[in-house]
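Quick one: the structure is below, questions incoming.
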């Protein structure tokens, strides 16, 4: 099992529903966020283009955050989902420094927090909250090793990219172009 | 001028503190609701309560999830609802913030004068309601019941409309007519006999070509529209966006026409010209269903793309090419009617041009174009006939705006200002669910009207600016805390949706139906409220349509089969709702009233040197000014910014995130400063601002002072003579880099 | 024009607009660790070479500062933790791939070594000190006899500690400014140089000062060489690294870096120490303190600038 996500930049309108849904689902404290939406504008008027991306922890296969954690609080679970065990985390911040995507943050309660791919929902057969709420249905979540999943299908048929592949972390979120 | 009604800067009057402790106990006790199923991922002990959203008018049906401690954790869409397909938009998902907002109105407030200063004091519901009823009786005795008017938006409106109707007044207005969708509704009614309603009956998910004239779906977050546009993109539909700004929709369009602002009508006429001249229009459709074609052909003879190029700056080849795209896709093409169409004062004519385009392409009644809606008619709970008012808002028009089918806010405001020899005077207002101070342009007239009233009652959930002018402020509970009318939206499929409280109302807040009933009973109108509790009404109504409250509490939304076709069967006869039964390409009605029978382009005022046209719009995470204090949503967007083209920024020496004040062509300066966003997405002759910020009422502790309010800069209004729509896009602003001297602000 | 922004209003404290999770505690700890490593290295090496009595401050007195430096450093690290109650989890596991983990364990080893090394010289430096308990006196006797046995691991671990303060940063490849293998040796040399500076400061022995002065000059030259190499490496690297080094070549860090670290912290002391070797009378306080300040500021700048740099995508 290898969980991953594909996000269609052609359809994303940047509404940030994924951010609010994650916040109400996971009780993310206001002022912090586990996912966010970035807008990149390129060109000169009127030859301008926009890319909209919903970003979060990429649950990298070669994740530096798991590697550098001195206590093992950062670890892999089902399907490669990267989680933080709160009571093993000492709040040293090494994982935050090691993430090329700045996906982690220091939770007010002391431990380090980030997107969990809503593992509690995934274990019950649902999609993560952000994927379930997206009004444009531009997000796909699934098992890369399942040839019948919608995720694998959409990756087969579309061009995609991942963020900063040169960082060598093998991110598992793919942006459909 | 003696201000009878001073704006009360409540500040920290410390109101509602006692209410917090007494009312708090109430909401811990949960309302009814079925325990969650094991399949819904929530741990046992949670409750799932059906509701429909109130953050905007789309009213998506959904479920409130309540924890065993009685906290509303999240709101999720109802999978069966065709309006949202199980996915709420960010404002709906953030609806929990409306409930938990610490600045909510908590108790009724009454205006008093203490030590010569006007202020508010907390009052009991008894006192407040007695006062209102007493005043209404006084007004009725002196001026007649017609002298009471209602301004409304959203669910509460229904109950106060009922109250005023029973009282004897028809003077009910929604700003959404004259300040928003009025021109397009009138334009389409004049052409097709009916308009595109709310939610719009555009068949976007099956269209092959979607043309947006200034419409910014994707930033304008009407859920169904955004969902369907996404489906259309997946299906390879061609999107053509006409907008001086690169909106999100424009960035996903095959063709973005960066038009010079205010010249859209020229482009539309050129398109009609190309379609007719090059024989690209839907001949069979026009022959069968439309009349006035030959007049139209003659009318657009000279409106060539070359002519339009000079006006719009859109190249002639592009105009022809895009017209061809539309023709290729016809009849599965939509020239989107838009929604907020009050731009330059000739907006009905522009909407007519859009309607005509749809007509000659054959979109109306075809798949991928405009479909026919069907809904379930929920019968009114048994009541006596409403009395017939002696006069109503039409009598205040004095021959103006002959095609306004709904009340115009501005004429009712006008009719509230006493003038010598005036026949029909309005002396009392109820304002429910709309922040008039921010939504109505022509601020002086509004202020003068409010000063002349004998009674101003505001019903709201939040201390919006309008509450600072009220005699009585009534705190409504949010949609998550009450029963309401069944949602019976007419769309592709008839559906009914139930709203029931997830939790008890917080503080001393009450639902609008209760407020209306309490006032009604004090006015002796008890016969119109022949029920103890709104649940009775719902039970009765649901029985009439073959359901029950018990069933609706379980399923939340019920679908009914259609009885009428959703499209015109190919080639079948169809009678449009116009007088002749045919599409009016030429409007003899307009001609008879002295207006252009077919749209004609007129140039509109342009900004002078150093000024930039003020364009405003929406952001997908906010609804007007009502969410600017919602903590969940301001986490996404705490304030707006003014979009400035990089060339303009260089000219003015503006840097990213610098704060500037805006001054308009009439010298009005914005209350607060605004952040500068330097972006290539906006044209060099315009600036863009998201509407709904710049709140100046301190009780909105988060929203106060953040961002800039565009409405205060809209001092020049171009009123559409056909139906009274207030065109607001003819205002120009310049930058003021240093803090202006504080002038006396209202 | 390229414009990038957060549509969803992200503004996480200490993460936006620039990463700033590690504050003054970390560079201070790196400085103290490097300092201790330098002193203990010299103490070990000169012991092995049999020069304890010629370099008595180096071998006997300066190391007495190191337990305090190391414990203070550890305490600062503890202060930096945000989930302090669980700090003990650090010592429940050995994670070979985590430089932070190494740090915890290396310090676990170095601190006791520095304590026992200093303890073994206490009676020599403070003749009135009495260990009181017999078993302590026995341990002391054993230590004095087997100093070489301790000196070897001490010197080696000192090098490890010194390099580790650099590798800790260079292991974070997400921070382009840190992601260079020169950082380890650079911090080691810098640490040794600061150690030598401390020794210069407290030693009254002219000959010892001359030896340490010569060593220090060599270390500074190597350091300058490494820094040049460092910058050349960035400039020849990816866009992210070029952007990173531009912070120091024209960006906001240029002035503090070249003024305090290079000029005042390295070149000026180099000149002063060379002049002193040539016979000019230079109060030794000046170059020593400059080197120490330079080392501290260097670490502050690198830690802060490194957090600002990031991958571009």
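We just call them A, B and C in the order they show up, numbering each chain from 1.
The definition used in the following text is that a contact is a pair of C-beta atoms (placed from the backbone, for glycine too) under 8 Å apart; a residue touches a chain by one contact, two chains touch by 3 or more.
As the structure is a computational prediction, the values presented were derived from the model and not from experiment.
Greatest centre-to-centre distance from chain B is found for C, with centres as Cα means.
At the centre of the protein atoms shown, by the Cα-centroid criterion, sits A.
Across B-C and A-B, the chain pair carrying more C-beta contacts is A-B.
Centre-to-centre separation of chain A and chain B, using mean CA positions: 35 Å.
If you average the Cα atoms of chain B and of chain C, the two centres end up 64 Å apart. Each of residues 1, 3, 5, 7-9 in chain C touches at least two other chains.
In chain A, the residues that touch at least two other chains are 14, 16, 19, 31, 33, 41, 43-44, 52.
Residue numbers of chain B whose C-beta contacts span two or more other chains: 621, 635-637, 679-680. Against chain C, the residues of chain A that register as touching in their complex are 14, 16, 19, 31-33, 36-44, 52, 64, 67-73, 87-94, 96-102, 105-106, 109-112, 163-164, 166-168. Residues 621, 634-638, 646, 677-680 of chain B touch chain C in their complex. By the touch criterion given at the top, residues 1, 3, 5, 7-9 of chain C touch chain B in their complex. Residues 10-11, 13-17, 19-21, 23-25, 27, 30-31, 33, 41, 43-46, 48-50, 52, 120-121, 124, 126, 132-138 of chain A are the ones touching chain B in the complex.
The part of chain B that touches chain A in the complex is made up of residues 39, 41, 73-77, 84, 86-90, 93-94, 96, 218-219, 221, 223, 226-227, 229-231, 233-234, 246, 248-249, 251-252, 256, 258, 620-621, 631-633, 635-637, 645, 679-684.
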